[in-house]
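Structures incoming, each one as structure tokens.
Look for chain A in each of the two complexes below; its partner is chain B in the first and chain C in the second.
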Partner chain A sequence: MNVLLAVLWKDLLSEWRRRDRVLAMLLFSLLVVAVFHFALVGVSDAQLRASVPGLLWIAFLFASVLGFNRAFALELENDALSGLALAPADPGWIFLGKATANFLLLVVVQAVTAAVFGVAFDLALAPIALRLAGIVALGSVGLTLVGTLFAAVAVRTRYREVMLPLLMLPVLMPVLIGAVQATAALFGGEGVAAGSLRLLLVFDLVYLIVSFLIFEYVLDE
Partner chain B sequence: MSGAAIAARGLAKRFGPVTALRDLDLDVERGSVLAVLGPNGAGKSTLLGLVAGLMRPTAGSLRVNGQEPRARTTRAAVGFIGHATFLYPDLTARENLRFAARLFGVPNPEARVEALLEDYDLARYGQRRAGTFSQGMAHRLSIARGLVHDPDIVLLDEPFAGLDRTAAARLGTRLREVRGGGRTVVLVTHDLARAAELADAAIVLSGGACVHHTGRGEFSPAALERAYLAAVDGAT
Partner chain C sequence: MANRAAGGPDDPAAERSGIDRLAAACRVPAGITLVVATGIYLTLVWQAPIDSVQGIVQKILYVHPPLAFGAYLGFIGTAVGGFLYLWKGDEQFDRFALSSAEVGVLLCTLMLITGPIWAKATWGRWWSWDLRLTVTLILWFIYLAYLLLRSFSEGGSRAARFSSVYGIVGVLAIPLNYFAIELAGGRTLHPENLERGSLGEGMGWPFAMGALTTLIAYGYLLAGRLEVEDLRRRVAGRAAALEGAVGD
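On to the complex of A and B.
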């Protein structure tokens, strides 16, 4: 647990000093909002409501790819990743420290993006804010676990910028389906389907356990 | 604790088709300083990586303090100071050491960090980011980082590389202090003079195999030089 907190502290402090990762993620996701804002001029309210959940998750997904790639690139400077691997602790705690930092940065980006989405598309988010936050959190846990794990795999490959999306996007399909369905039901005024939430929850739990256990092998040189 | 600090039997490491280390038998006595010499690509850094638990052997056995190198208790007893500094450029010197102390579960980390900054002449620069350090200062900070948990076994991978004469002399003094603390040290170097000065046992690797071994008490700088030069000539 101490190792988790140490890695989390180090990652957040580094990001606070640089701010390049969050800024790049924010810029990208806001660009997505702007592009779709102009692309969807003149569509009906119903069509808009049907499109927004998918657009929101596209913005979250691609912003997260940018952020996760950068998370382990930091560890390549001065071979700090090997320095981490020397720690006398279960490597799973190192993974959870990195994943928690990634999750918190993603949440900041998501909060800003969702607010701008609401304004740009004239959506009344306040009444559904808590339930939306719950769905986004469940989806983002899965997104972060898979993204952090595969970023660690991709970081030592030659084409890591390309490798990460190639590795993580197919695995993330259940998360994306569950998250988009749950968000669409929420925007559509229906109750959030328990099946979508169960899918997200099971995916999160499975990847939490799997990632914790296999990270030791990912760290191997 | 009795027995060798590091014991390898038939140790081998392959990276795909490349054999980096082959059939190595080695005993490093507790409290001794072993110099590991050899031309580039001889398998020196691979040996250190295996002892540090950064990679797994392809064949053979390796025990560090009588245990598997990747065991938590083994890792807690090993300090690795590599080619790279393992430092985070955005963190200050103090924060880098504090982070390493927390990773290794050092009791009373603040006092240990301040003591190390003092010992390595970095107290004045504690609040400066590591990314602004000269190579010599980064080296000193890197050594302090590797010793933050007061390890019994210290692994040094070419610590003199890239240092000017003054910085190298200062580092030599530091290493004599490390050696004086009764630690077991494995020193990978190309610098024969430094090896002769600091070590009391030596091996020469060439093409992943051990071609010369001088045990403690039979250390001969002249024989070591001959073996090293033969290995380098053979590799070129």
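On to the complex of A and C.
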């Protein structure tokens, strides 16, 4: 547990000093909002409202690919990754430290992106903000776990930036489906979609356990 | 490849492991069995009645679901091989996982090709975002990424570890995807069960023979692929030993 906090603190501190990763993610997801606006030509307001949950999650997904790639690319400098591998600590906790840092960065980006979405597409987000935050958090846990695990893999392959989305997108399909369904139900005023939330919860739990146990084989030099 | 062969006369890399010996012993008998089985299978399919509603195209039934069995078998083999590799650290399990993934991708690709042909004839469109179809498509993506990861990873043991991890994580996505797509309202157009009795008269035997033939084909291709992997390993071991001898 101390290892988790130490890695988390290290990552957040270095992010605070540079602030480049979160800014890049943020700028990127704002760009995506603009891209969506120009890509959706001749779409009626109702159709737009129906596609916003999907667009929102696409923006989150792309931003996370961008950010997670950097999380381990940083560790390659000065061979810090070997240092982490040699640290006398359970690799699982190192993983959770990295994942928590990624999660917190992602949450900041998501909050801003969602607010911009609300303004850009004229959505009344304020009354559902809390429930939306809950869904986004639930989806992002799975997103971060899988993304962080594969970022550690992808960063040590050739074409590392290319490899991460190819690895994580197909595995993350259940998260995307569950999260979009839940968000759509919320926007459509149908309340809480219990099935989707259960799916997200199961996914989070399964990948929490698996990635905690399996990270040892990814880190091992 | 320094981690693979120490060189010298008692080079451990020259020794064949259990799986390699089994593959080498099975390949020829499996090939002969496959030829015989294919003969019986084609005869049975030829004699099977032509569907009164769908016509001749219905005979894809004897090809398409058996390919699915083979594909899923291949992917489960990959996950099991990966798990055993991480657990035991024995390279032979990794070679098994890789070979199984390649055969699985081949069978899965054939399934994704035969499916739309049947679908166009009976459902009227090439593709539908049907429950099983979508799950299989995602699975196909996962295992293509698996093969890509292998070719983009450097170093024998690292590539093996990374892909083992991915193989295990990938197989876990199957049930979750199933649940997810069902949730998204993806009804299935596929029949719910293939229990005894759900097939028409005279369809059971060719279908069962199709499944059996696919399993034999899987075994034959797997054995051949394992032999290639074994030869590759031994050549690498010899090359390393020769280099060592020159270096001395």
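Everything below uses one rule, namely that the second predicted complex is superposed on the first by the 216 of 221 C-alpha atoms of A that agree within 3 Å, B and C clash if a C-alpha of one lies under 4 Å from a C-alpha of the other, contacts with A are read in each partner's own complex, and residues count from 1 in each chain.
Here is the rule we use: a contact is a pair of C-beta atoms (placed from the backbone, for glycine too) under 8 Å apart; a residue touches a chain by one contact, two chains touch by 3 or more.
No experiment lies behind these values; they were computed from the predicted model shown.
With both structures placed on the common chain, the touch criterion links A:Asp122 to neither chain B nor chain C.
By the touch criterion defined above, A:Gln181 lies against chain C but remains apart from chain B after alignment on the C-alpha atoms of chain A.
Within the superposed three-chain model, A:Val202 lies in touch with chain C and out of touch with chain B [touch as defined at top].
In the superposition on chain A, contact of A:Gly83 is made with chain B only, not with chain C.
Residue contacts after overlaying the shared chain place A:Arg17 against chain B, while chain C stays out of touching range.
When both complexes are overlaid on chain A, the residue A:Ala6 reaches chain B alone and has no touch with chain C.
Of the two partner chains, both chain B and chain C are touched by A:Asp220. Shared-chain residue A:Tyr159: touches chain C; no touch with chain B.
Judged by the document's definition of touching, chain A residues 220 lie at the interface with chain B and also at the interface with chain C.
The touching residues of chain A, when paired with chain B in their complex, are 2-3, 5-6, 9-10, 13-14, 17-18, 74, 77-80, 82-90, 220-221.
Those residues of chain C lying in contact with chain A across their complex are 86, 138, 141-142, 145, 148-149, 152-154, 158, 161-162, 164-166, 168-170, 172-173, 176-177, 179-181, 183-184. Residues 49, 52-56, 72-76, 78, 80, 82-91, 95, 99-100, 102-105, 129, 145 of chain B are the ones touching chain A in the complex.
Partner chain C is touched in their complex by these residues of chain A: 146, 149-150, 153, 156-159, 163, 166-167, 169-171, 173-174, 177-178, 181, 195-196, 199, 202-203, 206-207, 210-211, 214, 217-218, 220.
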